[in-house]
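First chain written, first letter: the chains are A, B and C, and each begins at residue 1.
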């Protein structure tokens, strides 16, 4: 009897407290125009991607500072609402709902992974907020998972890989091996690269796929050595990428290779960890820090003042997202998400990467992709841009699966 | 199948062997599956990163196991001893909580960035063995692990303390009645087990990349190794660890996606076929 | 395993009040009445909590509670701690996704299919694991559910599970689930009645089963499996039935989770999810049926409010240790102790425990009770 009583009392108490909390707060939606531009940033704050999350926020902060210093956008102040997630789509979605319904955010940025974007895109219209994706590269985000309210600022994997394929003739090596992560991106990158390599008259002597979170690449590297390849195309990210590079070094794999071409494998945040052994590696690069245009120079200067180091693709792509959003607000003359979304359709703007256009059919931003080589420079490493590929070449036609 | 692939298997097996023998020792004596073992191993790797950054890897391989032995002493005195009359599963869940805390502390101290440790100068590059060119550092891991395994088994078999450990692991209450200082034995076992986790972490640091998920990634595999080897059997765990390393590596050559499932298959098969594990309840 | 085996199960302290007398129909009726009252009161929640965000937190907690309820049932009646119930929750969620998205089934059929599939998996897994006890059971459930996780993220499973990308559930536009369109299902206020009813009904069913003759058999097995076996009881079948029943409740939760979220992330089968649910259940306490539910609500609340910089696990780790060391009955167990103390029935309780528990267990239980008293 006691137990039932306790159970009942506890249930009622629980219901009462939650109800009290609930009725005390109000639902401040994001409908209509308002005096401030509220942007919720939801980067990963834990897990292997936390560093990228921090840098994404830095890009937005610099953008907001410059905008507010110049009197705001369309006369309105930019306010960043900085949240965090563990990069689990469920958490991100919960935080996004909180930011929109409780904090009144109209726009969302700095969400990192493609699965998070997939989950978010599915609910954007219901939330009535716009999301600016400058990090998740999955092609499906502008295909079957696209949303009228989701804008794809970063290049898709297809654009990146097409950019590399376009330049394959500039890289030494005739017998290519492909080492990719056993993951959707790994497979599609491998397939496209193979086709491009064969079209360029190169041999692809082997293809192998390692599961995500592989720590020991010994047996894969042994197979690479045995294959007699003189060039490797590697699609390995994060800790997997570091392990692969480190172990390839220990196995002396570089000795038999003329080219190691990474796909999203080496990037600026990893330079210090990976050290000089990656000098001479090639990789796709999303953003050219040395680009010769006034907007970029202004951004690089402001970012360096704010953070003490030059930007790389993560802060830059988030800055580009802010530029796109601001251009949309100015075009619409309103902060109402629906009006901004309409204004962004097929809008062209001047940006840190030159003139870019937001393609209305799938909300993809059309922009260049680059091929870079890791070179030693003033005590550290940096990317030297070897060539850039135009969006006409890299960007596939809009996916018919995208029904906005 | 070439010699290099067998060596790859031996190298992974060596790491699993060191890691699982520490877990098996603690399990055998305290009856507790130490869920914090993965976190101890990860802490060992990160401490090795800091030590070898300042004083070189050669020193790290001595300092880190000692540091972890101290952590082991704390574990024994703060948790295992005062709570020894609690059920084993409650203690196991407490180590689960400890693991969560330790993982977070590692992140707060070293950050989330993937880190890399360089092997000592003379072990960088490759050596030629059995006609194949193979990384010297991996050869060193194999040698160190085998020497450690032999030393541990000999010590357990031949020394007085070893005798007491074996007796207490067989039946801790009877051992106490027979006049063995069980508290002392347990202190030695838990600190030695932790030190072995530290050694495994140190050896792993230049071998794989350091990231905060590395502990969990190995924990489940190592728990499986201990169960497959026969709960409480140190030699069983060593053999199972080496065996699993070899099988997993060689099946990777054949099919990487199948290799991921190997530990789970091994566990299911062994438990259906021989529920007490390969060695049953026997110490070394 | 000779001498260590007896102490390998969880001790009476974690499931303490299971010694309550049972079988009187009057009590059962009162219990049912309370259950129905809770159900009806709960249905009013969306009218009181108008804030969408808070409502979605309550809904998340309600759905996850079903997973914790399943884990709690095994712990409470059999002393078996499972790290594998996430497998049933996750399998059911994926089953909903596959049935709707890949096969174009109606949502209602998909949910029924998901619960059946989750339960079938519990049956297969149960045959393999319920003979084990203590750590053996814990590790087998962990290993098998992790094997399932590894299978779900294989690239060859991509068509079904979406592998690492997760599974997005898409309906034919005209399809509804008991009158709700896909957009309605995402709305926490509209989905609440399903989740709340499912939780309360599952709770009542498990409570009634726990008080039945079958429940007594389970507790007999928990206290001394060998004695039960020698007394001529089949101890395998009851354990298997209990495992499947608790797995079905977790499956129901998983199916509802998928319906509401519209998206299934691969982490649903992961180690962290399994650990989190177990921790939530432990912190709530296994002593009463409500314990794991309260634990889950607290966990979801903490996750939403104290997760700054990813320090949630630092806190849950600390809390888990504090609870296990100082208050093994969890929050609800401790509250009950306080309540009994006020009623001055302390003595009687520890007598009861001494009768049912082992010597070691009751010695320690008294010690920890003293500690608990000192704290008050």
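Heads up, the rule we're going with is that a residue touches a chain if its C-beta (ideal position, glycine included) is under 8 Å from a C-beta of that chain, and two chains touch if they have at least 3 such contacts.
No experiment lies behind these values; they were computed from the predicted model shown.
The pair with more inter-chain C-beta contacts, choosing from A-B and A-C, is A-C. Distance from subunit B peaks, on a Cα-centroid basis, for A. Centroids built from CA atoms put subunit C at 32 Å from subunit B. Computed from the mean C-alpha positions, the centre of subunit A lies at a distance of 37 Å from the centre of subunit C. In subunit B, the residues that touch at least two other chains are 107, 257, 260.
Residues of subunit C in contact with two or more other chains: 154-155, 310.
Shown for subunit A are the residues that touch two or more other chains, namely 46-47, 50, 182, 209. If you check the complex, the residues on subunit A that touch subunit C are 1-8, 10-12, 14-15, 18-19, 21-23, 25-27, 45-47, 50, 84, 86, 88-91, 93-94, 97-98, 101-102, 114-115, 118-119, 122-123, 126, 138, 140, 145, 182-184, 187, 209, 212.
Touching subunit B in their complex are the following residues of subunit C: 1-4, 7-11, 14, 81, 128, 131-132, 134-136, 138-140, 142-144, 146-147, 150-151, 154-156, 271, 275, 278-279, 282, 310-311, 313-314, 316-321, 324-325, 328, 360-361, 363-364.
Of all the residues in subunit B, the ones that touch subunit C in their complex are 31, 33, 83, 85-90, 92-94, 96-101, 103-105, 107, 171-174, 216, 220, 223-224, 227, 231-232, 257, 260-261, 263-265, 267-268, 271-272, 275-276, 281.
For subunit B in complex with subunit A, the residues that touch the partner chain are 2, 4-5, 8-9, 11-12, 107, 111-116, 118-119, 124-126, 133-135, 137-138, 206-209, 211-214, 217, 249-250, 252-253, 256-257, 260. The touching residues of subunit A, when paired with subunit B in their complex, are 46-51, 182, 208-211, 213-216, 218-220, 222-223, 225-226, 238-240, 242-243, 246-247, 250-252, 269-270, 273-275.
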